[in-house]
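Chain IDs A, B, C, D and E follow the sequence of writing; residue 1 opens each chain.
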Amino acid sequence: MDILVIILILFGLFLFFGGAVGILRMPDFYSRLHPAGKLDTLGIMTIVMGLAIYNLHHFSLGALLLSIKMFLIVFFVFLSSPTATHSIVDAGMRAGLRHWQKKKGKES
Amino acid sequence: MHWQIDLIVLTFVIFCAIAAISVKDLLATAILFGAYSFMMCLLWAVMGAVDVAFTEASVGAGVSTVFFVAAVFRTSRRTKD
Amino acid sequence: MRLIGFIIVCLTGAFLLYGTTELPDWGDPQSPASVHLSNHYIERAMEETQVPNLVTAVLADYRGFDTMFETAVIFCAGLACFLLLRDFRKEKERFYRHVPTGVILHFKDSKKKLPIGKEFQHMDKQWVPYDIIIQSVCRILIPFIQIYALYVVGHGDFSPGGGFQGGVIFGSSLILIAIAYDLKTLVTRIKEKVLGIFAAVGVLIYVGIGFICMLLGGNFLDYSKLAKIIPVDPGHIRALGMLGVEIGVGIAVMAVMAIIYINIVSEGKHDEGL
Amino acid sequence: MTTFFLYVSIGLCFLMLFSLYRALFGPTVLDRLIGVNAIGSKTVVLLLLIGFLYKRVDMFVDIALAYAFLNFIAVLVASRYFHKRKGLYEESFME
Amino acid sequence: MTEILSLIVAKYNYWLYVILMMIGLYAMIAKNNLIKKLVGMNIFQTAIILFYVSIGYKKDATIPIIEGAHGGHGASGAAIHAADYINPLPHVLMLTAIVVSVATFGVAMALAVRVYQRYQTLEEDELRMRLSEK
């Protein structure tokens, strides 16, 4: 069981790492949102699920309720984080931000 | 016991505070102030002050940023320094 | 000005840095702050009040008088926002939008109120179409947030939380209505008068519980005297009194947060906002 | 297992630094908003991890749940600003 | 080496609190914009709150909620030692301080909106100029 938890947490950490590097390295606003929206949501879901499974080690009613609360976190993040990303994209479109184009000749 | 996390987050808080007062756009100040309060909540959770962390989570993430953005919406974003 | 400020700040900082050498180490259990009074709180609060969360016990029982005036300060903040910004003059120029067709009606200088049905929608100067995704997600989320806020208020004795936190979360759910839909929606669903009455009632509940204790022959906010009128186990009566006080604080904080937001975002006109 | 959680949380703190760079030096306001959103999602996980480090996670899960709700509101408000006020850059550029 | 490390762990926090307070004070004195001054005030406030909360922290202690009392009937036999729990008193004082600070922040924002309605600016020097014109 511990191995499953460790695998889930390390996978989530890897996803967070990908998201962080993507936010740092991508050239413009819209392409930065791509890692930020997807990888962070999936990363938080995997890590919290791993922690919830770890919490069920010593099984009792309290631990079960606690794990249900953690799954509630997963559910609400699954619902609200893409909405936040969508609203940021909408704001960028309305603000008139241009998307990035590869410049030929000189580097950007 | 967890002094490592404490020191790292405290250093980030200093960066955030310097950026929040030196950036030349009030909306960006509002957003950076939100990040500042996130880290402050983390700091209090590390120190074991659970209730204070809860208060900061609800106040700093939700209401304080909202008031700030509302005031910037009704005044201007312009600032000279 | 900048140079003077820098010098003053550096001097103050140097003095304070010098002062830190005298302070106890970080996390020292024998520091002066944690040897006198707080040991009594930690060791005795559980048997005296039956509340496991020591912070709530100290906040609402041992230092209840302090918290009462903190609540009063928050109420005064809401009152100050109302008095500073509220503007009762009606907007002369108004726009309405017919929802099915999208025709926009424009009124100039009309004092008369139109009989507006459901198909007409109030429209601001900076009107943007509603975002269906955000609206439907908020419609799902808002009830959960409100139930969670009530849980935080009610469960403040056993886990972190209490009146302040639950009130702020409830208030931010009201703010979420105003953001996802429109400020007009929030103002028509919860009237301004209702919010004001809630803010006052919250403080009144707090003071009233203290006063009832006084009428029953105890000191102000001495919850153990409540056992004369509420038939419960006398060990738990203090926890029950704290719960009542927390409910009062929660109501007051919720109403004040909503009042401040509505007044700031619409400059006191209560018609258009973020 | 506690040591593992400690190292995971220190790693998350360093990942937070990357997002913080975008929040501090982002060219536009919206880039800062992305950075702050990413910091918020890492904070939820870190709060739970701190709870496991204290071995009292039943107390910390409430805070994480509150964050999952309220981080959303802050981002929504800040992006709602751009729905109403056009113009991405500071108004001082216009003068 | 371990002595230096322990000294840093013992005192580094206080140094950073002082630096944070200096940042807030500098913003309050030298910045020209009213809202920037408010942000400086809030940073100052959080530095002081941090200092208070860190006084109550104890090493190897748990959070100030009594363990094993969730059955509702409490009084779980074992005696409670004060060294096992973090000091709750600074938490109480600072908890109310945070909520009051957000309320006063709201009032200050209302004042800023009012000033902007009247004078169309938030910069301090421009405000002085407008005031002296009249």
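One rule holds for everything that comes next: a residue touches a chain if its C-beta (ideal position, glycine included) is under 8 Å from a C-beta of that chain, and two chains touch if they have at least 3 such contacts.
Small disclaimer: the values here were computed from a predicted structure and weren't measured.
The interface with the greater number of C-beta contacts, when D-E is set against B-D, is B-D. Comparing chain C-alpha centroids with the centroid of the full set of protein C-alpha atoms picks out B as the closest.
With respect to chain D, maximal separation of chain centres occurs for C (centres as means of Cα atoms). Note on chain placement: the centre of chain C and the centre of chain D lie 23 Å apart, centres being C-alpha means.
Computed centre separation for the pair chain B/chain E is 11 angstrom, with centres defined by C-alpha atoms. Per-chain Cα centroids separate chain A from chain B by 21 Å. Listed for chain C are residues 26-27, 53, 55, 128, 134, 141, 144, 159-161, 164-165, 168-169, 172, 175, 260, 264, 267, 274, each touching two or more other chains. Residues of chain B in contact with two or more other chains: 1, 3, 48, 50-51, 53-55, 58-59, 62-63, 66-67, 69-74, 76, 78-80.
Annotation for chain D: residues touching 2 or more other chains are 33, 35, 54, 58-59, 62-63, 65-66, 69-73, 76-78, 80-81, 83-85. According to the touch criterion at the top of this document, the contacting chain pairs are A-C, A-D, B-C, B-D, B-E, C-D, C-E, D-E. Residues of chain A touching chain D in their complex: 2, 6, 9, 12-13, 16-17, 19-21, 23-24, 29, 32-33, 36, 40-41, 43-44, 47-48, 51, 54-55, 62, 66, 69-70, 72-73, 76-77, 80-81, 83-85, 87-88, 90-92, 94-97.
Remark: chain C residues 128, 131, 133-134, 137, 140-141, 144 touch chain A in the complex. Taken together, the chain E residues at the contact with chain D in this complex read 62-63, 65, 67. Looking at the complex, you find that chain C touches chain E at residues 1-2, 4-6, 8-10, 12-13, 16-17, 20-21, 23, 25-29, 31, 33-34, 37-39, 41-43, 46-47, 50, 52-55, 58-59, 63, 66-67, 70, 73-74, 77-78, 80-81, 84-85, 158-160, 164, 168, 253, 256, 260, 263-264, 267.
The touching residues of chain B, counted against chain D in their complex, run 1-2, 4-5, 8-9, 12, 15-16, 19, 24-25, 27-28, 30-32, 34-35, 38-39, 41-42, 45-46, 48, 50, 53-54, 57-58, 61-62, 65-66, 69-70, 72-73, 76-80.
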